[in-house]
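By letter and in written order, the chains are A, B, C, D and E; residue numbering begins at 1 in each of them.
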Amino acid sequence: MHLPTLFARRIPAAGSTPGTIAPAPEALPPRISVIRYDTHTLDERRSPDAADALALLRDPAWPVAWVDVQGVGDRHLLEQFGRELGLHRLLVADIGNVGQRAKVEDYDDVLFVVVRMTTIEESGRVRSEQVSVVVGDRWVVSFQETYGDCLDPLRDRIRSGRQMLRAGGSGYLAVMMIDAIVDGYFPVLERVGDELEEIEAEVISQSGSRTALGRVYRIKRELMMLRRSTWPLRDALSHLLRDGHPLLSPEVRPYLRDAADHAMQVVDVLETYRELASSFVDVHLSMAANRTNEIMRVLTIIATIFIPLTFLAGVYGMNFDTRHAANMPELGWRYGYVAFWLVSLAVGAGLLFIFRQLGWLTRRARSEAPDDE
Amino acid sequence: MHLPTLFARRIPAAGSTPGTIAPAPEALPPRISVIRYDTHTLDERRSPDAADALALLRDPAWPVAWVDVQGVGDRHLLEQFGRELGLHRLLVADIGNVGQRAKVEDYDDVLFVVVRMTTIEESGRVRSEQVSVVVGDRWVVSFQETYGDCLDPLRDRIRSGRQMLRAGGSGYLAVMMIDAIVDGYFPVLERVGDELEEIEAEVISQSGSRTALGRVYRIKRELMMLRRSTWPLRDALSHLLRDGHPLLSPEVRPYLRDAADHAMQVVDVLETYRELASSFVDVHLSMAANRTNEIMRVLTIIATIFIPLTFLAGVYGMNFDTRHAANMPELGWRYGYVAFWLVSLAVGAGLLFIFRQLGWLTRRARSEAPDDE
Amino acid sequence: MHLPTLFARRIPAAGSTPGTIAPAPEALPPRISVIRYDTHTLDERRSPDAADALALLRDPAWPVAWVDVQGVGDRHLLEQFGRELGLHRLLVADIGNVGQRAKVEDYDDVLFVVVRMTTIEESGRVRSEQVSVVVGDRWVVSFQETYGDCLDPLRDRIRSGRQMLRAGGSGYLAVMMIDAIVDGYFPVLERVGDELEEIEAEVISQSGSRTALGRVYRIKRELMMLRRSTWPLRDALSHLLRDGHPLLSPEVRPYLRDAADHAMQVVDVLETYRELASSFVDVHLSMAANRTNEIMRVLTIIATIFIPLTFLAGVYGMNFDTRHAANMPELGWRYGYVAFWLVSLAVGAGLLFIFRQLGWLTRRARSEAPDDE
Amino acid sequence: MHLPTLFARRIPAAGSTPGTIAPAPEALPPRISVIRYDTHTLDERRSPDAADALALLRDPAWPVAWVDVQGVGDRHLLEQFGRELGLHRLLVADIGNVGQRAKVEDYDDVLFVVVRMTTIEESGRVRSEQVSVVVGDRWVVSFQETYGDCLDPLRDRIRSGRQMLRAGGSGYLAVMMIDAIVDGYFPVLERVGDELEEIEAEVISQSGSRTALGRVYRIKRELMMLRRSTWPLRDALSHLLRDGHPLLSPEVRPYLRDAADHAMQVVDVLETYRELASSFVDVHLSMAANRTNEIMRVLTIIATIFIPLTFLAGVYGMNFDTRHAANMPELGWRYGYVAFWLVSLAVGAGLLFIFRQLGWLTRRARSEAPDDE
Amino acid sequence: MHLPTLFARRIPAAGSTPGTIAPAPEALPPRISVIRYDTHTLDERRSPDAADALALLRDPAWPVAWVDVQGVGDRHLLEQFGRELGLHRLLVADIGNVGQRAKVEDYDDVLFVVVRMTTIEESGRVRSEQVSVVVGDRWVVSFQETYGDCLDPLRDRIRSGRQMLRAGGSGYLAVMMIDAIVDGYFPVLERVGDELEEIEAEVISQSGSRTALGRVYRIKRELMMLRRSTWPLRDALSHLLRDGHPLLSPEVRPYLRDAADHAMQVVDVLETYRELASSFVDVHLSMAANRTNEIMRVLTIIATIFIPLTFLAGVYGMNFDTRHAANMPELGWRYGYVAFWLVSLAVGAGLLFIFRQLGWLTRRARSEAPDDE
């Protein structure tokens, strides 16, 4: 199993100038695409270079231009965008130094939004990447950590000419991106929920609860990581909703509220999952304690019955000189052996009776599983 | 046992336009009923189609019209309502995509309230469904997920011509609905409380505490689910109460406060229940630990007494050649056997005395049950 | 032991009109008493009927009139009071449907306060009942769930003509009632504190910790119930103090602050008690784990020494044909038996030495009790 | 060990007038001292009676007069002070009924501060007492529960004529008192910290962890008590700092902030200690569980090897009639005995090998102690 | 292992004047360095004495002067700085009495910031020291507890003539210091994260979980200490960001926000780590419980099979006088011995069958490790 690393922030060397970009060695080279549209027409360019993309962006003919950059491994490209669009150097650094908390920052003329996008990989692993969205009055530039397709459906919707989206301006486009990213948490939650239900079935059935321990741990860890992504996201969206921004027109607000609402729902579900996963540990410990008792009881019953009897058998196996009348006269009795067995049976039966009184003979393990009703 | 699924939100395909309605396949076809009333007269229609219902709704002759739609499985009907009443597409989507958090949204001319209604099914299961209430100036449209009867008593009260209700306007009607839904939590709490008391009796009595484990888990899970419904409900009502809304006249406020108050009470009780259920796990673990000790003590006492004696008996069962005087002279003693028994009894009595000093012989298990005073 | 029921709210049938009063079947028939006073004179009436009481209340000759109603089992009486005093129907319903959270509601001309009073019954049980106080400009009406005497000292103080109280107006009288009720929590806390100290002594002494388990649970449950009463009380008083009310003159404020302060103290003490009770469970589990180790060690020492020796004794009890020289030649040795004992002693001593090295022979159980210093 | 009693509030009889003073029987008779000073001169009186002290206090010749009353056991003296200085009766009652939460109350012309002072007794016990400070425009009256010396250093500083203090007015003097009292918590924290480190050493070393249990409990309890004193203190000082008071001039504010800052630090440290003490319990439980495993493993290894062998020895000790060829022919074999030993050794070696595979033979207990690196 | 001491605050004697500086005996003698710069020129002095440094500081020719004092062991030097720069005595005391919480204090003309810097020592230990920054309109004075190099990179950047920094004023310089110190937490977090992953690997692999216990404890303790540093830091920066300060120009704000953002990230990561470390304890306990069961099962299987058989063998080893026909006739049977073995095998096989039914024979320990999928 490959657990995600705990600490994934890109750290420029301590003491370096704030605003220094230090891309990870494994950061991908950027791929750019541009879409420009108004209500009626659409202009789409694939893989222009940065200069072309910026030129397209600044063309005043289009009410909205969206430049999407996938891969943030090229420091110079980021700086070029920053320079040309007049972005603050800290803003540009936050784009390049992935691993930021979700946040919304208001730089007067532009709105800067960082969110973490979550996707499930082929292998079933949950992957989290940073998406940075810079919103200007007539343009949006988005930066994704990897070559993803999370925003593809949005692109399709633009192409298909949906009225609202095409008429909506840059603020609306940005909110649509955020919304798409927030909604990307739901399939992850669904998968985690499914796994929790499997684990639950395993934990609460007597048989399987031991293999479940590792799974519980894994899922708890995954939930911790998800939580670290979602709480700041929720807070950032709530603040943006409360404080508003000139680029977000009143018509856009309900869509932002919708996205914030979904983020809240994600957090709610995560918290419930966390609590559930915690309760699995309790159940597991209780089950283990019960099993210990079960096992101990069997051992104790057997040992308590046979240990005294074995002693008795040992006694009559002693070799005292029976020529002395006081030595083991029982051995010479006519029914000594029969008496021995009778005593043995009496002792055994007596002990069993006592154990029954103590309730030790009732096997109650099965009834413990929660699905017994 | 059928545990409710953990994740129950309807998710439109990721990246689809916000406002897309994706009814669950199992969503029910809508059934519409209309009630219109003023202080003196009442007009009730059963099962009109959507167009008729909307026409009835818009008839300016009645001060209040209530359209109740049960079953939200028909996307087109929802869109028709949205279009005709000028509702925001996100509002309409929230109605169709059930599984929303409780919330209150203010769309200037209409007030939109989502609450989760809880009912106990015949089978004893707790079921939770979404009820969406859209309040206009002269009308209320409510959407329920299933064919329910939770609002039937309210309908009866309208029919029976209660002064206040009939004179109250659309805001009052909406608050009455919310109040009825909040009050629907109390029977659920009562049942959960009863079950907790049963489990408590089982847990704290020595005998039954093992079958209780599964029940404790089940109830904890149920409480988690209930909690996920009630906290947002409480918050939403508190906010509505604090911020007010033009559709809610000052006369209606006390009723809203009453409903908010009840929601707070529900949350209070739930939190106490959660704490109680958690303490059961502690008690269970402590009891199991005590039982382990109890069993171990019995085993240890028996084994500690008889194992040395068995060794001694084994010794005198050895076949050393007694012709050598140094070999097992005890066997030839006149009272060797008697001496053996005396030694055995002395050892046993001595160990019992020691165990008594250690307090191991006192049986304290019974006194552990809390009802022993 | 009779644990208090977990869910004690009176629930009118779901869907009934808000404001419906549904007295519990066991609710007591009301007993009314009236006291009217000014600085110099006092007029007291016992057991008037409702109509008389209301007439007395409205008599403008007295600056303050206090009607105390004990027992809220008569729906019609409550409605009569509501009607005559112009009280909101929800207010009246809250009086009749006992089991409300503590709250303060401002109905413009009247102030409505619900608090929960706690008393210790003869049997030692903690009982909690609802007291509703309606404050008008010249009168106070209080409703108690049972025939209690918690407000009797207050009545005595009025009779004895204390300057301040007699001159204080209805707001002051109401605050005095709240103060008396809040102070009623202190004896309960004192008793709970005493019991916690007893349990503490039991838990931390090795001997008694098992009977303590049930007591710990009981007290935790009692603390949960008390907590459910006190937190809302504290919040309600804080809000009233912060927001003020026309009926509470500036002179009365310090007394209200005093009561709120006491409520805060009650909550503080309760929280400390809760934490203490929780730590008992930890101590108990740790002690049980220690005891298990103690017992296991005794068993293991005994068994580890004697099981190998018993095997050896068994070996020399075998009946191999000693006519073959290779079969058990030891049996024929002159000092075989002596050698056997020497080997046995050596093995036993060796194992004891090893156990001493492991620290298993030191008995440390006693030193565990916290009072060993 | 003498644990401090849990509930230490003085409670006047329930229902008594608010403002009733009920000194504890063990409350000490008051001792009064008076210091008056201006920048240049100082007048000090020891043990005047109350009337004299009040006369000195009111003498307009001195800019600041400080009356210190140690021991609050004399109700009449408190009432005399209250009457002469025009103090609210509730204020006076809070002085006499010790056991109040820390608080700051603003009575227009006077500022009333209650704080809890913590000192370590000779015996090492932590003692907490109430100090009430009443601040007027030209005077300060302080009331201490016991004859203490916590404010002596402050008195010395006044005597030694420190510029700032002598020029500072009553507000500054009061803040200096609060500061001295808050700083009195640090030696207590230091001692608790030392003890925690001792316990830590004991808990994490394998050998001592059992005697540590009681100590952990004791320290947890002490921390709970300290916490109950410090949180309200922190809150009260924060509020006073935020809201200000006419008696506290701008020059005094930084000193108040300093005191509030220290209170915050005390709370921070306490919370860390609490968490640490809690983690000790976890470590202890884990260690106990490990020890149980250790012991069980020894027992199981020994028993599993020798129990089958003992059976085998028992078999060849049976007395079947060997005249029948089928009965125990092994006994007659030439190398039967040798074969027996070979089988025994093989079984033993085989089991040891298996145990080694299971990792049961490695002793890992030592490496568990945290200082093994 | 040397754990950091829990309580590390310098405490002046209780009751001493607020503002008293009590340097620790081990506090280092100060080393001063001065850097002055404008956009084009730079003046740097090493090791001037205090008087020189102050003279350099006050020289109006330079827009920004930075005096860095490493080592705060010289009380007189601190007082000299305080006197000459007109600093409040409490401010000066906070510099000298290291061990303060992080805080921001606004003294009108100067801004005073205390932060805790964290570094990893050669030995791998985390060390935390206080850095105090006093910001004037044209100068910054920083005081470090030890001779550190955390601010060296900043000094290099000044030297290298970075435009922004050189043009930035004293406020910008101060924010850069804070930023450098906050960023110093990331390498510490990274190391802690690495260690947590090692421990995780150890805990969740069956074999190593016992040595991990001490490591888990150590890391929990380290996290507690880090937490005590970071929460106040986060709060202080948030407040400064919210309230602003005249010395922090609008251009500086984004940099402060950046630093505050990083502080928030540090806190986020720490909280996740804490939760992770706590879950290790649960996993460890569960694993120990499983291992106990595993071991017990082996013991119980072996003992339950052989104890009865040993009894049987003991029986036929008894020496009853077989001349009486009733005494042990089995011994005389032709196939008695064979029958004995058959019975033994039947008993053993029967018990094994039962154990198999109970699921006790399946070894499930391996599958428990989380990487089994």
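Heads up, the rule we're going with is that a residue touches a chain if its C-beta (ideal position, glycine included) is under 8 Å from a C-beta of that chain, and two chains touch if they have at least 3 such contacts.
Everything quoted here is computed from the prediction, not taken from an experiment.
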* Asked: Common contacts of subunit A and subunit D?
  -> E
* To lay subunit B over its twin subunit C by CA atoms, how big a turn is needed, in degrees to the nearest 5? -> 70
* To do: Would you kindly tell me how far, in whole Å, the mean C-alpha position of subunit D lies from that of subunit C?
  => 24
* Provide the C-alpha centroid distance between subunit B and subunit D, rounded to the nearest whole angstrom. => 39
* Residue list for subunit E, restricted to those that touch at least two other chains -> 285, 289, 292, 296, 299, 303, 307, 310, 314, 317-319, 328
* Does the chain-touch network form a line, ring, star, complete graph or other? -> ring
* **Residue ranges of subunit A touching subunit B (in the complex, touch as defined)** => 150-154, 156-157, 162, 164-165, 176, 179-180, 183-184, 186-187, 189-190, 193-194, 196-197, 200, 204, 254-255, 257-259, 261, 264-265, 268-269, 272-273, 275-276, 279, 282-283, 285-287, 289-290, 292-293, 296-297, 299-300, 303-304, 307-308, 310-311, 314-315, 317-321, 324, 326-328, 359-360, 364-365, 367-373
* Touching residues (chain side subunit A, partner subunit E) in the complex -> 1, 3, 5-7, 9, 11-18, 88, 90, 100-101, 103, 105, 107, 207, 210-211, 213-215, 217-218, 220-221, 224-225, 227-228, 232, 281, 284-285, 288-289, 291-292, 295-296, 298-299, 302-303, 306-307, 309-310, 313-314, 316-319, 328, 330-338, 340
